[in-house]
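Each structure below appears as structure tokens.
Common to both upcoming complexes is chain A, partnered first by chain B, then by chain C.
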Partner chain A sequence: MKYLQLIGLSIFALALSPGARAEPLTDAKEIVARANLASYYNGDDGRSEARMAIEDAQGRRQLRQFTILRRDHADGGDQDFMVFFSRPSDVRGTVFLVAKHVDRDDDRWLYLPGLDLVRRISAGDKRTSFVGSNFFYEDVSGRHPEADEHTLVETTAEHYVLESRPKDPGAVEFDRYVTRIDRNTFLPMRTEYYDDRDRVYRLMEVLAVEEIGGYPTVTRSRMSAPLDGGNTLMEFRYIEYDVGLPADIFSERYLRSPPVDWLRRSGE
Partner chain B sequence: MAGSRRVIALVLLGLAAGPGASWAQAQTPPEDDPFAGFDEEWDDPWATEDQGLRWTGFVEGGLGARNSDVAGLDRLTLGELRVRAETRYDHADFQVEFKGDLVWDEVIDSLETELRELSVAFRPLASVDAKVGRQVLTWGTGDLLFLNDLFPKDFISFFAGRDEDYLKLPSDAARVSVFTDLVNLDLAWMPRFEPDGYLYGERFAFWNPAAGAVVAPQPPRRADTPDTYELALRLFRTVGPIEYAAYGYTGRWKQPVGLDAQGLPRFPRLRTFGASVRRPLYRGLFNAEFAWYDSRDDRDGTDPATPNSELRLLAGYEQELVRNLTAGTQFYVERIQHHDRLLANSPDPARERERWRTVVTLRLTHRALQEKLTSSLFVFASPTESDYYLRPSVAWRRDDRWLFTGGFNVFGGSEEHTFFGQLEDNSNAWLRVRYHY
Partner chain C sequence: MKQALLEFALQRPRTVYLVTLLLALVLGLQIPRIQVDTDPENMLPETQADRVFHNEVKEEMALHDAIVVGLVATDHADGIYNPASLGALHRATEEIIELEGVVARDLMALPVADNIDQAGPGTVRFEWLMPEPPASREEALAIREAVERLPLLKDTLASGDGKAAAIYVPIRDKDESHRLAREIAAITAAASAEYGAPGEWHVTGLPVAEDTFGYEMFVQMGISAPLAGLAIFLLLWFFFRSIPLIVAPMIVAMVTVIATMGLLIGMGFTVHIMSSMIPIFLMPIAVVDSVHIMSEFADRYRPGRDRNETIREVVGHLFRPMLFTSVTSSVGFASLALTPIPPVQVFGAYVAFGIMLAFLLTIVFIPAWISRMKPEKLARMQAAIHSGEGDSLLARLLRSTGRGALRHGKLVLLGFAVVFALSVAGITQIQINDNPTRWFKSDHRIRVADEVLNRHFAGTYDAWIVLDHVDRPDGALLAERVQPALAAAPAGVREFWGELAPATDETLGGERLTGLISALEDRLFDADGAAAEALEALLRAVESVASEAKYFQQPEVLRWIAALQADLEASGLAGKSNGLPDLVKTVNRELRSGAPEDYRIPERSAGVAQALLQFQSSHRPQDLWHMVTPDFSRAVVWLQLPSGDNQDMTAVIEHVDAYLEQHPLPAGMDLQWAGKTYLNVVWQEAMVKGMVGSLASAFLAVLIMMTILFRSFGYGLLAMLPLTITITFIYGLIGWIGKDYDMPIAVLSALTLGLSIDFAIHFIERSREALAELGDFRAAMAAVFEEPARAISRNAIVIAVGFTPLLLAPLVPYITVGVFLASIMAVSALVTLVLLPAAMQPFLADRKRAA
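Moving on to the complex of A and B:
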């Protein structure tokens, strides 16, 4: 009888935390694909406010504050992003529009309010600083899972540890990177980028995860440059998923006149 | 005058010396919260509209000087202390925007107020956006070359080394934008014609056909602005990654390129139409644009006191060359419609323009130090007129508050009546220090 009760409890426990007890995945590709979805494709769309504290090697600090709207065309597929800057005052009113494509270069536009100018930005290198921070454009919008060769090097009690090497080494500044992906949430919790002398020159750490609308979501992370010094702390708040963003928001019209109803926090 | 110049120099020095001192104070927020003092609203999810107006802006000092003497003109081409104030009011049904400058301008020795924007934006219908009031308007695909954008431009600011934003002058306009599935329409109606900020004798010298020399007319005198309206429209549509647009304009030549019966400069009537396309190509961006300038007061091209009609064509390509270095190049031509008649009727055919004027531009932009240091070079060169204009500049964004910018405007050419060649004596160096609040 006691055995039965124990078994029943165990089954109950298993049902409660399927991830932790489930058979670990062994296919690196599948892990990366799920990490990509968990990091960038929660819900069909989303809105969030974000801010970054950028600290350089001298300890000087800069700040950025912006609101992000996102809409997915398909999970793991094309996405539209719009980033509305509110701080600091010299970039206030600047809007960044990205049509992210899986099979070709992204389309990018920047609206400069001082000139009333919608400037198109050439596709260019996605591994350059996002608005002066230690994060790259690619960190914000996601790196294509197919761009690297992934190997599962270790499965710990909590993490999958993957090593990734670029298929086109000439296109990137790293030699390889190692990612610890949470086995439950599939969120990458720590990524170390190695240079050709096998030194970690770039480090991403997740500092806080919250469950929002049923999706575990990174709300605080840091990208640092251990060799040069300097780091960027990024925080997300007022995150909402599946808000029903219309497709036409992501257009020149709303670069010039921001969609105030969608930028407002819910309940305001 | 000398006294106030000293004041500006002192203020500039003060601005330049300031960052260290003020940063020391700004740099001591509690260690565990890098966002301290950044945004008081962030931590209060219930904070709503009633925050009052939020004012932002900057204080900027600028100095610039020409490298050659010009009769009647000061060496100083930029000498100002500028205070910018901006605010915005968001209502559920409309938005009001204000941007204004208060400037002490040493070159013209006066205190000026400049209203850059005071506009109301609203949405009369779900598919219509309207913005009424003073506003800056821009469209077209050129980079510092404007074919179908006939909104006013301030070349004095541009040549003096003010921020590139000041190249665009505001218009008093009603702008209505209609969005449909087929095509979008922008319509801008300006009840009063607003000319460019053209050269007229203040600050810069230019070719004066009557005098047959490069001079700065003294006293400086602007042409009379006709009391007529301007209407500009744009039809545009984006299909996948390709942007198409068609344009029209009716109004006046934006500079007083005509002469009236008394031989005084005037703004002849102008109508234009054109089209553009912009799309990704290879690893960069390609754009092409054309405009037909219909000079309505001289359609036959026989009146030497009025410009001929012209065709203007532009093709451009931009690409990131290596990480953080972007290059853009443009090829631009103007073709005079009745060039033979222009020559036949000209009082000075030797100095008239060629039938074709071509301009090649190159822009190089390099970003370093996590985008804090931006170096840029813009080159205009005309093979047909053998003249050029170079704009090298460096901008150091020290932090969110301080911006230091410096550069040169270098003009030259083998003849003194060509577009850039006439500006040779205006070549100058400039420096600006800006503090954002």
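Moving on to the complex of A and C:
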């Protein structure tokens, strides 16, 4: 589940019109499933441009800018991602290709133009930094809802508050995390990760949500490290859903020659 | 003033007691506020340039003080790479990382290290090196194989011989290292027990050494100082056989020590290794003047005689020499204030103060005390001292010494000339060297850990080569670059840029340029048509400057650094160096093929940037910023040195200097040193230079005072003779026996001067008196070699013995000071008694005829 709704997603056919706040849900699994859809599966596909401002504990900043193309195989199911880096200029042209699978390890490829290399990356651990930011790879691609045990601890006027504990504690660095999910949009608005001394050491906050193509979409969010200091601000722009991305561009072939037509913003 | 003080003491002894008591109480109450400072860094003033730079680099690169924990398994066939030892290492790491005060994210150990390797042809893999303890021998050996491939880990986190593994525990506050070291010891012991792991744990690192030093310093102060007091007390009893009488000098010594330390602490100074020696310096010195008064008093007092009258006579007689000896000793110590080392300055200033206080107390308190002693006790003392005093071994020895010195005067002078020449030759052999870890005895657990870990690893001592890009782009360069784009841009864009553009003289860091790029980007968001095109063109121009500003991302720059590292490695002076080139090469190799031929710097800057982007996708992206700043304008090469000796550090610096002669720094690059091992060299050099100045000025000051005291330049020079010989001899000896010239040895020079002049003052003063009285040089000398020579010898023995408890100290600098001060006292008393008569003889022997 969770934040980082990189891309919009599918039409999970829930009525999200204002005022449609029905009886609150009580099943944590269902809430998590909907949050997963709201965060990662808007539309059948999508494109957006992301800008990350990484700020370390000393206040030093780095910039990362990339375009993301996404295509879903099925809502809540497998997805293909392509991430094209444009800034800083010395990493321009770097591409990540990810075939996300819900039932097995993802397939990942990498193109590094500066080294003239296409490499497959062994999936391994998803809880590594995403290009030096405070976000993890898994924050960007979505953590599998089945990976954790979820409990609904509170339902407020605005939010469902869920507590999640990992089924395999050895595979993750957190002890548990607590997510506040918007009852209307099902977008996780704030997630606190606790270490085994019960301190919040990672914190995700959504700072802005916009409705795009009918989908409430997170356009600004921040991941911070309250104990060590430092944070990453991620902003999305030029978001589009259901652009009709062809399946074949999500292949190794397109790493070296990016599908420029699909990367271009609409109207250009 | 002398009279007024004396009369006050004699008339109002109770007031004297009260004032003394108050002095001890008021200042003594400050002592509990003591703050111990064992940080060798404080040998430099806080504003000293190298120290400021060191701390700036430390802060910027997040390089913390670290406790080094090592597990050494020499007995196991697979060394450290067996499941049990790695299990214990894993468990210990897991628990140490949780300790309060540990900087968890920067802790380095195999269980929290990232591995990058090949998961099959064309597939690169990033994963934890050892997320779980290995379950089998094969798994354990696979970890060894992985470590051998990672140059940044090998010889740092695991030893090249496979026998040892290390945990670098970065800590927030070094004052916590004693507690942390204790907790770590408990954790490691339990971890080894849990896994039945072979091997021994060792804990070292400068913070632990410093904290432990602080603890042992207290032990030293608690044991050596009282022992010195006891030794002096016993000696005084042996000399004067009267407990009531010798209680007085002991009180003077105690009050002097308490008041001086109280004042030092009360004034807010921390107690450093030097100032912790103040009590043991002051105690014997404070007693010396009392010994003179009491010796004289015992000599002149006869039962039935008015004792106040005797005291007046004695004090009147001794006031000048006592004042001068005190002032000269003070000057000797005060000259230490000329060194640029704050702890040495504080030490010198406060001992100087203590000596003057002791003088004041002596001439007030001792007379007051004697004036209140019971007549029968005085009589008993009198009898005890005079019975057979003239026949004592000391007395006989002194008499024959005096006769011998005169009889063989020429031979004595020749002998001393030879000794002097040999000593000067010895001084040229002196090895200037220090190493705070060596302040512990060789069997101390910290020394043992230091020795063991440095045998297995590349080194636990840090020095950093800090490389800076100094030729940064500025606003003028940027203006030049954007000019073509701007010329073609619509007015709106030109106006926008006009507001945005930095001043031509502004230096542009990576961050400033990133800010400009973001601003242009934001503007582009709402732009279209010609404006959008112009903004794109501007963006490209700014980006080209930003890209060039990333200096330490440029392949040729990295290759230059790699060459320097390779040269250092080849020199054998540095155990290992870790820098950005190593990281870039490793990532490049694994991205390409994993084969050794791909262990190289990519051809293009973009290649470097992309390799680093991959590194940043690991578990520990922050590790990159220990080696380079995020704007790539500063890089640090971390040298691991197997020795903390200043000489070894100096050799590394000289080697790099020589290398730079052959391979000049690329234009725009600057090289500086930082790191604790380097700082030690800085303060040592400052101290050696400072000591020469302080010694020279003390010598001059004392010579002037001697000339004034004796109203004769000749006598002034004569008085300087014994201490000149003594100092030269002691330092010549240090040179010949190969003892390193370190901090305690350096400090000794100036204070030797202050202490050993005393003997010459008393000897010459008494000789002149005797000469004036008897008119015959030989007769005068015979008289001097009675009571005066005995007093001089007694004082030499008191001071020498007073310092001997330092020999029992657990820390080497104290032992050094003890040994050398005792020898200095012995040598300078001997030189005074043997050389001075021989030296005076040629000038004064004819006085016989004149008489």
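Please note the rule applied: the second predicted complex is superposed on the first by the 247 of 268 C-alpha atoms of A that agree within 3 Å, B and C clash if a C-alpha of one lies under 4 Å from a C-alpha of the other, contacts with A are read in each partner's own complex, and residues count from 1 in each chain.
We take it that a contact is a pair of C-beta atoms (placed from the backbone, for glycine too) under 8 Å apart; a residue touches a chain by one contact, two chains touch by 3 or more.
This structure is a prediction, so every number in the text was calculated from the model and none was measured.
Do chain B and chain C fit side by side on chain A after the overlay, or clash?
clash
Figure out whether A:Ser251 sits in contact with chain B (first) or chain C (second), or with both, or with neither.
A:Ser251: touches chain B, not chain C.
Determine, under the contact definition given at the top, whether A:Leu233 touches first (chain B), second (chain C), both, or neither.
The first partner, chain B, only.
So, does A:Arg197 touch the first partner chain B, the second partner chain C, both, or neither?
Touch status of A:Arg197: second partner only.
After superposition on the shared chain, which partner residues are touched by A:Gly170: those of chain B (first), chain C (second), both, or neither?
In the superposition, A:Gly170 touches chain C alone.
Under the stated touch criterion, which partner chain does A:Arg265 make contact with: chain B (first), chain C (second), both, or neither?
first
Applying the document's definition of touch, where does A:His144 land relative to chain B and chain C: first, second, both, or neither?
Neither: A:His144 stays clear of chain B and chain C.
So, A:Leu110: does it touch chain B (first), chain C (second), both, or neither?
second
Who does A:Thr94 touch here: chain B (first), chain C (second), both, or neither?
Once the two structures are laid over each other on A, A:Thr94 reaches chain C alone.
Examine A:Asp56 and indicate which partner it touches, taking first as chain B and second as chain C; both and neither are also allowed.
In the superposition, A:Asp56 contacts both chain B and chain C.
Considering 128-136, 218-226 or 398-406, which region of chain B has C-alpha atoms that clash with chain C after the structures are aligned on chain A?
398-406
Taking the two structures together, which residues of chain A meet both chain B and chain C?
Dual-contact residues (chain A): 51, 53, 56, 60-63, 65, 87-90, 92, 114-115, 117, 120-122, 124-125, 127-129, 131-132, 237.
Touching residues of chain A toward chain C in the complex: what are they?
51, 53, 56-58, 60-63, 65, 85, 87-92, 94, 110, 112-115, 117-122, 124-125, 127-132, 137, 170, 196-197, 228, 237
If we count contacts the way the header does, which residues on chain C are in touch with chain A in the complex?
My answer: residues 59-60, 62, 98, 105, 119-120, 122-128, 131-132, 511, 514-515, 517-518, 521, 525, 543-544, 546-547, 550, 553, 588, 591-592, 602, 604-611, 613-614, 616-619, 621-622, 624-625, 629-631.
For the complex, give me every residue of chain A touching chain B.
Listed in rising order, the residues are 49, 51, 53-56, 59-63, 65, 87-90, 92, 99, 105, 107, 114-117, 120-125, 127-129, 131-134, 173, 230, 233, 235, 237-238, 248, 251-253, 256-257, 260, 265, 268.
Note which residues of chain B are touching chain A in the complex, please.
23, 27, 34-35, 38-39, 42, 45, 48-49, 56-58, 86, 90, 92, 95, 121, 129, 131, 135-138, 163-165, 167-168, 177, 179, 184, 236, 238, 241, 243, 278, 280, 283-285, 318-320, 323-324, 326, 367, 370-372, 397-401, 403, 436-437
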